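Just below is one structure, and these are the notes that go with it.
Labels run A, B and C following the written order; every chain starts at residue 1.
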């Protein structure tokens, strides 16, 4: 079940190097992102609104600044379940723990730092992510800057899609 | 114009690997940082002082702690334009979005996490940076820990110079 | 003294690539973490409690949120000395500067971003770390996502052990 999904998910550096050697010989475009190990996770964020403490999975931790209407400076800490499909009540395969803050004066825009934590009987490990979410675009790319455990030394890209119904991260490691 | 600058700027991993292979054969010093793709960007930060909301590009988001005179614990979120020369009004080639906080009791010192965002018709992509700025020194080195888009998988160093007139980042990817 | 310790500590990418090539030929497990350059540092954190401003090396910088009993959302900035043995008064070989915040509703758990700064006559450089500390486990692995100076381009793992008497980081680069 979850096993095969993570088998595909966790690219380690040895393998990455082999792929790159092959690509180099083929003189493919430097922007080439394929082949990469790809998987999709859906996340479920319930922000604290003052009354939903029992269900909330994230919360602002400071006050908004006065230099913009777009929440500039607001920091939010989150601990969100990640599932393999769009359903909130599906069994989580990972948790995304970290923070983001709004950092643009003229529109909603956020900077993320978070860790994807796999902690099941099948797999243990983490993927560390950081980057900017340019909210004006349909998708945003964050960097996967490292990993531990079964994702030891992973690097890659996490593509963040904010479809309101089914927000997701597509990982390409 | 901006095109050739970013052509030089965005080192991708394939190329990096080739360079490294060459260096390894030459038995150069392990601390060797050259050759690397190098470019300089000037940044322009206008911190919110309570009255300049229209022009400010950064703002504190919390209160200072009481354990030091050197702003220990103060967090600042910024969204600064980056230009190719020292002039504030030059057309920005990128934005630097992120945060820093002061983290030393005995002097001014800061820790940075930010993303350099290229979003022009020529280039789209990001460079993700983190590290400590030891303010006692003329220059500080941050790590470039990842990139997306045209800077896919970049790694390297950003050298931060706080010349008061022309503060800049020199990237070596 | 400290020299040999850092000689062992700072793995650079050239060397890492050679090791990986060897491992690939031997068809070792993808989860293989050895051989790596390994070293242990002990850290000494004294959190500000309202009265110990002179000795404190860290301080909360905001207020706790209301969605959990486990300090959810509390951000702490630190500047901790790191030593080669368990004694607080040993000469520090580095400082760990950065922040963490609590990010779990059901237990104590934290997310870290920090830089290890070596700044002696023998060595200058930094190691940049990020990741989640799953406090329920005896040890936690963070990612080393980059380095500068004598640790130029380092990557690896920092294993965080919260033995109350001798909390430490074991680096494997």
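Everything that follows uses one rule, which is that contacts are C-beta pairs under 8 Å (C-beta built on N, C-alpha and C of every residue); 3 or more make two chains touch, one makes a residue touch a chain.
For each chain, UniProt lists the protein as follows: A, B, C = Dirigent protein.
Keep in mind that this is a model prediction, so the values were computed, not measured.
Student: How would one label the connectivity among the chains shown: line, ring, star, complete, or other?
Tutor: complete
Student: For the two copies subunit B and subunit C, what is the rotation angle that overlays their Cα atoms, in steps of 5 degrees?
Tutor: To bring subunit B onto subunit C, one rotates by 120 degrees.
Student: Taking the mean of the CA coordinates per chain, how far is subunit A from subunit C in Å?
Tutor: Between these chains, centre-to-centre, one finds 22 Å.
Student: Give the residues of subunit B touching no fewer than two other chains, as numbers and ranges.
Tutor: 17, 62, 75, 113, 130, 145-146
Student: Across the complex, what residues on subunit B touch subunit A?
Tutor: So the residues of subunit B touching subunit A come out as 12-15, 17-18, 48, 53, 56-57, 59-62, 75, 77-79, 97-99, 113-115, 117, 119, 126, 128, 130, 145-150, 152-153.
Student: Which residues of subunit A touch subunit B once you look at their complex with the stated criterion?
Tutor: These residues of subunit A touch subunit B: 17, 20-21, 23-24, 30-31, 33, 62-63, 65-68, 72-75, 101-105, 109, 111, 113, 130-132, 134, 141-146, 155-157.
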